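Think of it as A, B, C and D in the order they're written, each chain with its own count starting at 1.
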Amino acid sequence: MAKIVAAMEFIAGFLFVTLLAVVIPANERKVEQPLPFNHKKHVEAGWKCINCHPFADHQKFAGLPQAQECVDCHKAEMPKYPNNKKMREITELLEKEYIAKGREIPWVVVHSVKDFVYFSHQRHVTLGKVECVECHVGVDKMTEPVTKPLFPLPTYPKMIAYNQSVRKMEWCLDCHRQKKVTTDCNACHR
Amino acid sequence: MQKHSVVNEERLPEEEELEKDILRPLEQPASKKFWLTCGFLAAVFLFALIAWTNQLINGLKVTGLNAPVFWGVYIVNFVFFIGISHAGTLISSILRIANVEWRRPFTRMAEAVTVFSLPFGALCPIVDMGRPDRVFNVIKHPHLTSPILWDVICISTYLTTSCIYFYLSLIPDIALCRDRLKNVSPFKKWLYRTLSLGWTGTEKQWKILDTVLTVMSVMLFVIVVSVHTNVSFVFAVTYKPGWHTTILPPFFVLGAIFSGIATVIVVMAAIRKYYGLDRWVTDYHFDRIAAFLLALTCFWFYAMFVEHLLTIYLGEPAEMSIILARFFGRFSLMFWVMFSLCFIVPLIVLSVKKWRTIPNLVIVSILINIGMWLERYVIIVPSGINTLLPWGTAKYIPSWVEIAITAGWFSGFILLLMLFSRFFPSITVWEVKEGLHQAAQKTQPVLVSSTAKENA
Amino acid sequence: MSMKDLMKEIKVNRRGFFKWGAISGTAATLPLWIQKLLPSPVGLKETRPKLYGEESFLPSVCGCCEAGCGVLVRVIKGNAVGIKGNPHHPVNKGALCPKGFTLIQELYHPDRVKTPLKRKGDRGSNEWKPISWEEALGEVSEKLREIRSKGEPHSLLILTGSTNKFERLMLRRFSSAFGTPNIVEVGWCFGQGMVDAASAMMGLNFNFDLEDAAFIISFGFDWLQSFPSPVEATYAYSVLRRGKPDRRVRIVHIEPHLSITGIKADEWIPVKPYTESALALGIAHVIVAEGLYDKDFVLNHTFGFEDWVDEKGRVHLGFKSLLLRDYEPERVSKFTGVDKETIRRLAYEFAEKKPSLALTDRTRFYDQMAVLSLNALVGSIGVKGGILHFDDFFPFSLPPCQQDEIARKGLSSNPITKTDGKIFPLAELVSEEVPDSILNSSYPVNAVLLYRANPVFSSPDLGRWVEAIKTVPFVVSMTSFLDETSMFADIILPLSVTLESWQATSTRTLKGVPVLSLSKPVVEPLYDTLSGVDILLRLTKSIGGTVSESFPWQDASEALKESLRGLFTSGQGEPLSEPPAAEEESWIEEETKPTLDKWFKNIAATGGWTDKKVAEKLPPLKFKTPSGKFEFYSLTLRKRLGEETPDIFCLPHVEDPEFLGELGKEVRLSVAPQGGDGKTFHLYLFVPLVFKGGEGAHLPYLQGIAGSYLSEHRWETWVEINPETADELGLENDEFVWVVSPIGRVKARVKRYVGVPKDVVAMPLGLGHTAYGRWAQYVGSNPSAVVPKVLDKITGQPLWQLTLVRIVKEGKSDGNQRQI
Amino acid sequence: METKGKFDILRRKLIALFGTLTAALGVFSLRRKLASQENKETEPAPENHESQNGHKPRWGMVIDLDKCTGCGACVVACSVENNMMLGDAQLAEQGRVIRWMYLLPMIEGEYPNIRSRIMPMLCQHCDRPPCVFVCPVSATYKNPEGLVAQIYPRCIGCRYCVNNCPYTIKYFNWGDPEFPQPIPKGFNPDVAVRYKGIVEKCTFCHHRLQIAREKAKAEGREFRPEDYVPACVEACPAKAIYFGDLNDPESEVSKLAHSRRAFRLLEELGTQPKVIYLTEG
């Protein structure tokens, strides 16, 4: 009797810790981006992702706009928003900080795959007909620049199933399975 | 059986002395020499850990391994440690089932050897891995056709089972310590109190323990065989000449038991000498176990002989290149040393009655262990060096890291044994008592009497 | 047992157990915890720059050897990240040899010279201080001006190594503008084919038309490894074997060691070193004696076959009678160790399978002659599948350069190395004579200008060079890597590598199609380097005077364009392929009014120019010789050597007392090493493809594949020894030995190799650098150090294969030898 | 009374325990259920290897030793394409230089009668790959098109596959490869740089396959086998290496594979290599 109790206690303790280990989500550090940027506003103003990320539909990478492009566009749009101070400030900032000095905006790459992964935006956006927000969830609602990878948070049990932070192969696989596209390792690993 | 008889029958005079003799070491503070040795061993072990850290940082380039010799000393140690771990379970389970009399004083240390060598055995492949941080992949993404996976399963099962087995058979003696040892450190007191699980030696408790032990003995026997079979599979299922032989599994099991028994003899002799237990571990016992060792020697030779004979008859070039390397080539020295240590010397020494003294026995056992280590080396490395396709000169010289880690593991193993002997009775008191009682009342075969008791 | 003590036990155990469970649980899930609690960094720690950019394939020209293969470089964001052959290029047809692929590695080599350097320590101490181009060029030009002002421009010595044709043109122009006749090409004679014999007997350059040959026999020419244009040779080989469905061409290889060519050939015939020509003449003997030779060709298009009478009425020995006199198979077979049945068999095979082709490398002059005349005997000259003779294709032409009085005077003074035409009649300047002439010539050498030249590595008996260079007051080296010779320089002018600079070179394919390979830089220069031509332009500017007037151009591309005006106006040929679509409009315009600029732009954009029409017609059987015919008896040589020279020296023969009798007293110069005793061996040297031209050791990807036929992927210099010999000497595989000759010794690793005769040991050239970047430095050893300087009497080319060496176990003493 | 109290303790204790247990079990079963669901979703196994007409390629290589001159262009091309470790004299001495492709000489006999051959050696991409059977973590596996792949982030570096490879053509990274700057600038961005402690091998340049497929799809055309050419094949000056689909009886490789000169290395082991050699002569 005593021993049974003891054994159960042991097991209980064991499971308790294990569960904790499984359930606690991994914490991800945020990065500092050089400039404020409001995705939400831009989307509301009727911009498509592809306008600023021009390579997304025909290249592996999505690409970012040059400071010059931002400024030109802002200048053009300025009249529409006479009382948008932020916009003006940023434009001026861009002009004297980057264009004048001829540097690129040092955005920190947040969404990146390891170099043993073959990932192509073209494949997903153009050929796969996947909406940007399907993967970059909620980016269209964001009022500040992306500071940590945006992926759909898995439901609670799934998180246990993955038993990992969300930026893992299982996440890709999950979608691939649902969409019935290849799940061969060789299709992405290289 | 009739352990419960211990409770109700009147105690024999020897029991008192037995308990005294065996519990003495646990009360007396250990000698300076003892602690110095411990310290030394610990130092070696720590150095091994440092060496391993170095390897973790720089990768396996710090070892002597290279292409095409991908496996070396680490894997040799792996096989060796798993090998000697077989002694304990063999003696205490099989011999217990068979109720062989002379096993009684050996069982405890035998099991200890098992329990302490296994972890080191299991550690070796992890040391050998390029990415030990990914060791859990084996469980997360198992691939059923791989012997390594089976190994992981077998060895972990084996480890847990034999730990439990060891612990269970330890309980009554811990209880004994708890009751008898009054003037020991509070830590020990606490230790005994907790571990004895409130053992009082009631008839019921004995019954439970008895059944559990019997059942587990049977289980363990199966596991023992499976474990080393699997270890051998790691080599036997490959395409490598020299590894791909049908006899390898039984050969490995045999060799394992062989070296295991040898180890037990050494350990036991040491304990007996150091703690002066001559009265309880008598020459008779050693004589018996020596005979057993002799039998194993012959079996080992048999397997050895068959393996090589068949290969030579086939005369398949790749295989032959290895045989030649072993017999006359660059491994000939090792091979013949190994052969004489494992077969010739033991055969001569053990088969002559008057040479079968304990010192001789110990020496022989040590030699056998060295020999068996070499045997594993001679099995594993030549096959690495002789590739199927022409290859430039391949060579393998273990680096200091490998040597350090090997030494560390061995000293760690010994260290654990020594400490154990400081904290727990190194002879299974109750089992010996049982023996005494049976001797006292000239028991007819035990099973019969016990069944009789059931009927009554 | 009573509930009481049960409870007691529970009390005892409870906390303990839960705790333990927790502990072991933590242990089991430790990795997880680590994962969870350590913050996982966003992004990655980069193993390499992440390249986000569109990729493009830009044409360039491989500068690794003379062949000038076209390459396409994959460029992303200004980084060269991939390379492949240019499929439109007639020379390499989209393939490349191993060296071609390492252009990228050369470009990104960590040990390149990154800025101009000035010597800090004393010579050879390898201590430098970086300086600006202004300083560097200023110093150099200042020095050169001084030399000119002293009125002795000829005291400037220019040593050129591997250059492309355009660079060579500019360098020669510089020398003549500056006024020095002393511009010498240094480098290995390996893998250039029988150029000297061709010039002496045909007065023309030539190509082996391998592809269409019906039978190929190579005399000591490891042509699969060291062909002037490796890719073409390799391709031709595949065609010979499997290209034509109906036939598989037999290939016979004659060499003292089983090289890769020997391995791939159908028959390998080992001979003693330097007896290949004897075998050739033996075969010729059979062909002539049994009347198998091509009567028509010999009669109509050759001179000196029969005995002949000169204008003075003196009767001269003809090739025929020489053969019949000296080279009957018995004698030859005794000399070469090849039995005479084999000789007969080869003779018949060679004569009957037409067109058959005999190859040899740039070995001794008379050996070349022997093999060339063998071709002539069977009429394999100027025919499909034989030897195609051409004049050089050299499309670059510039207006004559300005010369002032000083320059003219300098040019008129005779060059340092040669005094009269008697010695080395066929050579302009003999590079191997240079060090001796520097040390003791009629006038001092005040400055040396090295252009990618590394004689201290690539010539026999290196010591001489070191001494000589040290005596020169001022040494400038233009190079991309700090090589052995540059170690002794005062100023280093860093050159851009192939992919960073304009490339222009001209060749003919094996079929004789003229190809101009031309390309822009594909990437920006990584460091503060300039292309060779740009350096010359800036240098001349700062020298000023007529020198700068001769170089009026702003940069390399302009000069290049100018030099090609002639080709453009000739109107022949077309770009390698359709120019890229990007230039569509401009292309259409050009249809209407072609201009040099557009033409040049298109050529640069497509990687070159070619004129396919040439291939259709075979060259006419006209030769630029005094007799206008193919000369068995070289009148050119007779003219140079003088009337009274014995006929045999104008005819192919074996330079050996055995055949020369009295005349050949001091011909055979190989000398057994003094000091110590022991068996001596012929030292047979060869050059693996990857070390062609003495370069390549600095590129790790190339190191691995040298000597791949030995199943050793090791970076080291090895010495191949026949297993039986090795047993006699008690040598095991991979042990180190000293290879000892009279002038020095080198360490090498023993490779027991059945592919060498018992009396020969073979070693590869190309390793053993003492500088030249981290991957070359102190890897292997350089056999040149044990080869005494022995020059061919006619061409002045060093003779590599004449050394006799002893093999001494490492550690054993071997007399007092200079250790290399 | 006292006993009763103790009984309570005991009971509560037990209830608590069983509670935790069931909770735990619940969560885990949920997890299992989830997994099984995923499996259901995946049935039938999704394949985009097949082209519309349902033909699945089986990539194979033919090397014509009669054309090959052993120049080693394939070796270097492979190294450049796949960001191979550089190596140095010491590593070479230790046999730790990694080249996915190398030239394997076979020289037999005594001077001067020698039977010699030199053959380009690379992963044979067996149809019964020994390395795959023994990998404990499925880090190496044979994909539906017959490419034997190595998944670096999965590999635990036990070197079992290398031991079991009869051709000894898989390689282990004994240490981290050293790439002094600016060498990494020249890396091929399509290929991962390997790191210490993992096994690597020839991939038949399948990154080119990934790209070729996408390219074909983007151009809206059917993917053709000739879109996919490994670096060594592209490089060979003698055009001695052929690559293509062995399942397509019309393809050049399968024709050559059935020629009389065809043989495979260590065929007797039954590994069924997909690299076929053609003898000389």
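By definition in this document, a residue touches a chain if its C-beta (ideal position, glycine included) is under 8 Å from a C-beta of that chain, and two chains touch if they have at least 3 such contacts.
Here the structure is a predicted model, which means the values were calculated and not measured.
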(request) By the contact definition above, name the pair with the higher C-beta contact count: A-D or B-C. (result) A-D
(message) Based on mean C-alpha positions, which chain is nearest the centroid of every protein C-alpha shown?
(response) D
(message) Taking the mean of the CA coordinates per chain, how far is chain A from chain D in Å?
(response) 31
(message) I'd like to verify one number: the distance from the centre of chain A to the centre of chain B, where each centre is the average of its C-alpha atoms, in whole angstrom.
(response) 55
(message) As a quick test, compute the distance in whole Å between the mean CA positions of chain B and chain C.
(response) 66
(message) On a C-alpha centroid basis, what's the spacing between chain B and chain D, in Å?
(response) 40
(request) For chain A, write out the residues touching at least two other chains, lowest number first. (result) 2, 5-6, 9, 11-12, 15-16, 114-115
(request) Would you give the residues of chain C that are in contact with at least 2 other chains, written as numbers and ranges? (result) 9-10, 13-14, 47-48, 50, 710-711, 713-714
(request) Mind pulling the residue numbers of chain D that touch at least two other chains? (result) 10, 13, 95, 104-105, 189, 193
(request) Over in the complex, which chain D residues touch chain B? Could you list them? (result) 94-96, 104-106, 121, 130, 133-139, 154-160, 162-168, 171-176, 196-199, 265-266, 269, 271
(message) Touching residues of chain C toward chain D in the complex: what are they?
(response) 3-4, 7, 10, 14, 47-51, 76, 79-85, 92, 94-102, 104-105, 107-110, 224-225, 230-231, 233-235, 237-238, 241-242, 248, 258, 260, 262-264, 266, 268, 270, 526, 689-690, 700-705, 708-711, 713-716, 722, 724, 753-758, 774-775, 779
(request) In the complex, go through chain A and note every residue touching chain D. (result) 5, 8-9, 11-12, 15-16, 19, 58, 114-116, 118, 120, 122-123, 126-127, 157-158, 160-161, 174, 176-178, 180-187, 189-190
(request) Name, in rising order, each residue of chain C that touches chain A in their complex. (result) 6, 9-10, 13-14, 17-26, 28-29, 32-33, 35-37, 39-44, 47-48, 50, 52, 54
(request) Flag every residue of chain C that touches chain B in the complex, lowest number first. (result) 1, 5, 8-9, 12-13, 16, 31, 710-714, 733-734
